[in-house]
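First up is the structure itself, then whatever we jot down about it.
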Amino acid sequence: MAEDGGSYLDLIKLTTDKLSIDTVSDSVTCSSCGAVSLFLGTTRDHFEGKTVVQLEYEAYVPMAESELRKICADIRATWPTVRHICIHHRLGVVPITETSVIIAVSSPHRHDSLEAVKYCIDTLKATVPIWKKEIYESEEPCWKENKE
Amino acid sequence: MAEDGGSYLDLIKLTTDKLSIDTVSDSVTCSSCGAVSLFLGTTRDHFEGKTVVQLEYEAYVPMAESELRKICADIRATWPTVRHICIHHRLGVVPITETSVIIAVSSPHRHDSLEAVKYCIDTLKATVPIWKKEIYESEEPCWKENKE
Amino acid sequence: NNTNDVSVLYFAKSAELAGVKSETLCVRADITSIQLWQELEKRHPKLLGVREQVVFAVRQEYVALGEQRLSLSEGDEVAVIPPLSGG
Amino acid sequence: NNTNDVSVLYFAKSAELAGVKSETLCVRADITSIQLWQELEKRHPKLLGVREQVVFAVRQEYVALGEQRLSLSEGDEVAVIPPLSGG
């Protein structure tokens, strides 16, 4: 559990290790927060009928970290009661059905963390320099593009 | 991980055991879903300046399960792409800072599961017959009331 | 008038005020929800303290206190539901 | 005209097309972003394939391809940013 001495943590990690929802969830829990909202992005085994056998993520790491810190700052400006924010994104090879990103936000009341998590994943997909390549069973690999 | 043979699971549990975010998260993960959204309600150590030493939850169990199943049905009517739904609510004594409720929803695209989780916790608080008693350090215990 | 035995369940604050968690009552089949409440208050006067806040659940469906007839059958379950605080 | 050595980084599809992940280029300090892109295309003609989709990140801030002058200093980092797909 995160310390609760009036601190506000922005915990950001880009890693080639497998992500742990327990670790992320624990890192934002605090005794004054009633709500923790989380989002997990997982890699899918199909895209438009093609079988995906593997995925690879690549990042412009220092800028990705800087953009993630900007998202944290935006969240704190919009939802000032938000307590802790944790964002873990996996890089390198991610086996299908494993988790590529976990976002967790704690807040005293639930609506702030629920809205902040939605803002966080929407903005991450739009602004953080990370790329995903899908490797298919029987076609050329393809660099993906976030649509929404 | 949940089986992925075209099934749609509504997993509901009221339990006096400690809740596990790993278990709940795993139970809704499926290879065709890119998104898992979760909400955790945790018990706080303060209420209006009073130190909470313990919490107790009580439920009208068969009706609570029935109301939770109604919520699942409502979610499926509103967000038909939602895949699996898991709702675990703890009963009995819950030590402070431990989790009282976990909700997880998986869907192919993130907005459906994010919105479904928000609907689920809002509706759970409004319609499911469960009650929380806060036991304070130096005042009479108090049955709480959901406000929102 | 036709009467039936029904189970009344009390939860949370209403259970503390009534001093029981459940009891079996013999009531008229066509009793209204407010009349049933008045029966319960007669048995447990402290329930007056939550009168403005409670609803019933009759056969696990919510029913407000009012003029609605409950059509109770033998063995039906009626629960006193104080304000909810799950989650 | 004043020139400086800058680091150019290529990511994802642009790295595959350029055939390199990074290189050092000597460019005019007051080059515009579209002129810099044209320099890169001259060196790596296959980059034409992503021209309509990329932006730059100059000193880790996004800059669209256009008439904006980049004011590059010695050692600055410019990244070629194809469409994002994180998350």
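Each chain carries a letter (A, B, C and D) given by its place in the written order, and its residues are counted from 1.
The rule we apply is simple: contacts are C-beta pairs under 8 Å (C-beta built on N, C-alpha and C of every residue); 3 or more make two chains touch, one makes a residue touch a chain.
This structure is a prediction, so every number in the text was calculated from the model and none was measured.
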| item | value |
| --- | --- |
| Distance-maximising chain from chain C - centres being C-alpha averages | D |
| Length of the line joining the C-alpha centres of chain A and chain C, rounded to whole Å | 48 |
| Centroid spacing, where centroids are CA-atom means, of chain C and chain D in whole angstrom | 74 |
| Mean-CA-position distance for chain C and chain B (Å) | 27 |
| Interface hub residues of chain C, defined as touching at least two other chains | none |
| Shared interface positions of chain B, touching two or more other chains | 41, 121 |
| Pairs of chains satisfying the touch condition | A-B, A-D, B-C |
| In the complex, chain C residues that touch chain B | 9, 11-13, 16, 57, 60, 79, 81-87 |
| Touch list for chain A against partner chain D, complex | 41, 57-60, 62-64, 66, 89, 100-101, 121, 124-133, 143-146 |
| Chain B contact footprint on chain A (complex, rising order) | 1, 21-22, 25, 29-46, 96-97, 108, 110-111, 114, 117-118, 121, 148 |
